[in-house]
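Every chain is named by a letter (A, B, C and D) in the order it is written, and numbering of its residues begins at 1.
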Amino acid sequence: MERVRVQEAAFDMGLELNRFARHVAGAGAIVSFSGITRDVASGDLEAMVIEHYPGMTERALTRIRDEAMGRFSLVDAMIVHRFGRLPPGEVIMMVATATPHRADAFAGAEFLLDFLKSRAPFWKQEITADGREWVAAKSDDEDALKRW
Amino acid sequence: MERVRVQEAAFDMGLELNRFARHVAGAGAIVSFSGITRDVASGDLEAMVIEHYPGMTERALTRIRDEAMGRFSLVDAMIVHRFGRLPPGEVIMMVATATPHRADAFAGAEFLLDFLKSRAPFWKQEITADGREWVAAKSDDEDALKRW
Amino acid sequence: MDLRYFAWLRERIGTGHEVIETEALTVRDLIEELKQQSEAHAFAFSDLGSIRAAVDQDLVEFDAPLTGAREVAFFPPMTGG
Amino acid sequence: MDLRYFAWLRERIGTGHEVIETEALTVRDLIEELKQQSEAHAFAFSDLGSIRAAVDQDLVEFDAPLTGAREVAFFPPMTGG
């Protein structure tokens, strides 16, 4: 099972969770996070388009995963992130962590998400009836990295 | 879908996650936690036996879920907990939360787990080659409630 | 009144369920009464620090009143999750 | 040297990929050079605060050296997750 995947195709979060869990003998805790496209402030979302930087994306995600594995003594960790055009209600990305103890599993997953958000080369564009708009990065996102 | 379930039968965490996700339109974030029986300090775990207080268990879990729903503005939350005899490597329990924003989904799940651990009437007994032993509650577990 | 015992408390008392008549006003009074009932009860209730109580399936402190209570349960600190 | 542009930077410049010859020593020098190349480039690079750079697929600061660099990419702050 590939622990870092960047793909255009939709995936099944339950299937991914089970697949991940099957490979983590000895873990007492498994945490998963799934992000889903949803309606936005500016109007009804028709689709979310995600652009990425092939090559660098996998490289950045692998590095973030490696860092999390060591820092939180994870038994295993997984990242799946989609690109391309996603209708509302679809899973954009998912991370999962497995650890002997609960606290590390949560911290590990939050770390993956914080770094993935502003250190992995993805850019989101929202398409509504009004047109297309690139999602602006939040200064919060950068601030979130400081807690680690 | 029942949002609080106490059952002897094994369940499939991936299936539960998908079922939960199907019911939460409008959520941008879904967090799941699964606890798995694993080997213990005292030796090789043959089985974990979980006793509970039928009636009070459902009542306590429902109350904990209601409290979490309000406190973290959850779109939805789910708790499944098993009782009876579980071999090592089986899923004991699972919680899932769905929210518009990520931080609440994590906080909500951790809240559910903290309260479930010392406010829901379950008692674990570990069976090893050396015999049976009731798992002692940790003072940490009680302390964990104070952060909320 | 229905009494229920769980985990090692159940094992020490030798049953998970008994029915008693009592005039006890609080959970604490009830415990004192039960300790007189048998050596097994006295042993089971010897360390109150490791015992929790529920009245009609709600967790309570030992000074909780028993007015109208139908079911009282005793058990060790919970270890779910 | 291969240059790559993403998101609105790609749209402003009008292409996601171009190949250039450059003697620039740092990323910042390269940006200054690119701004001279066309109005589109000048517009794309007008606000450096909202631009990030990667050299050979590693995120870098603008004062990073370009010694041996084969691929330099420019893009807005990332918005994954």
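In this text, contacts are C-beta pairs under 8 Å (C-beta built on N, C-alpha and C of every residue); 3 or more make two chains touch, one makes a residue touch a chain.
Since this is a predicted model, take the numbers as computed values, not measurements.
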Shared touching partners of subunit A and subunit D are none
Between subunit B and subunit D, the fewest touch steps amount to 2
Chain centres computed over CA atoms; the one at greatest distance from subunit A is chain C
Distance between the CA centroids of subunit C and subunit D (whole Å) is 72
Note: subunit C sits from subunit B at a C-alpha centroid distance in Å of 26
Note: subunit C sits from subunit A at a C-alpha centroid distance in Å of 49
Among all residues of subunit C, those touching at least two other chains are none
Subunit A touches at least 2 other chains through residues 35, 113
Pairs of chains in contact here are A-B, A-D, B-C
In their shared complex, subunit D is touched by residues of subunit A numbered 35, 50-53, 55-56, 59-60, 81, 92-93, 113, 116-125, 134-137, 141-142
In their shared complex, subunit A is touched by residues of subunit B numbered 12-18, 21, 25-39, 89, 91, 100, 102, 105-106, 109-110, 113
Given the complex, residues on subunit D that touch subunit A span 4, 6-8, 10, 54, 57-59, 73, 75-81
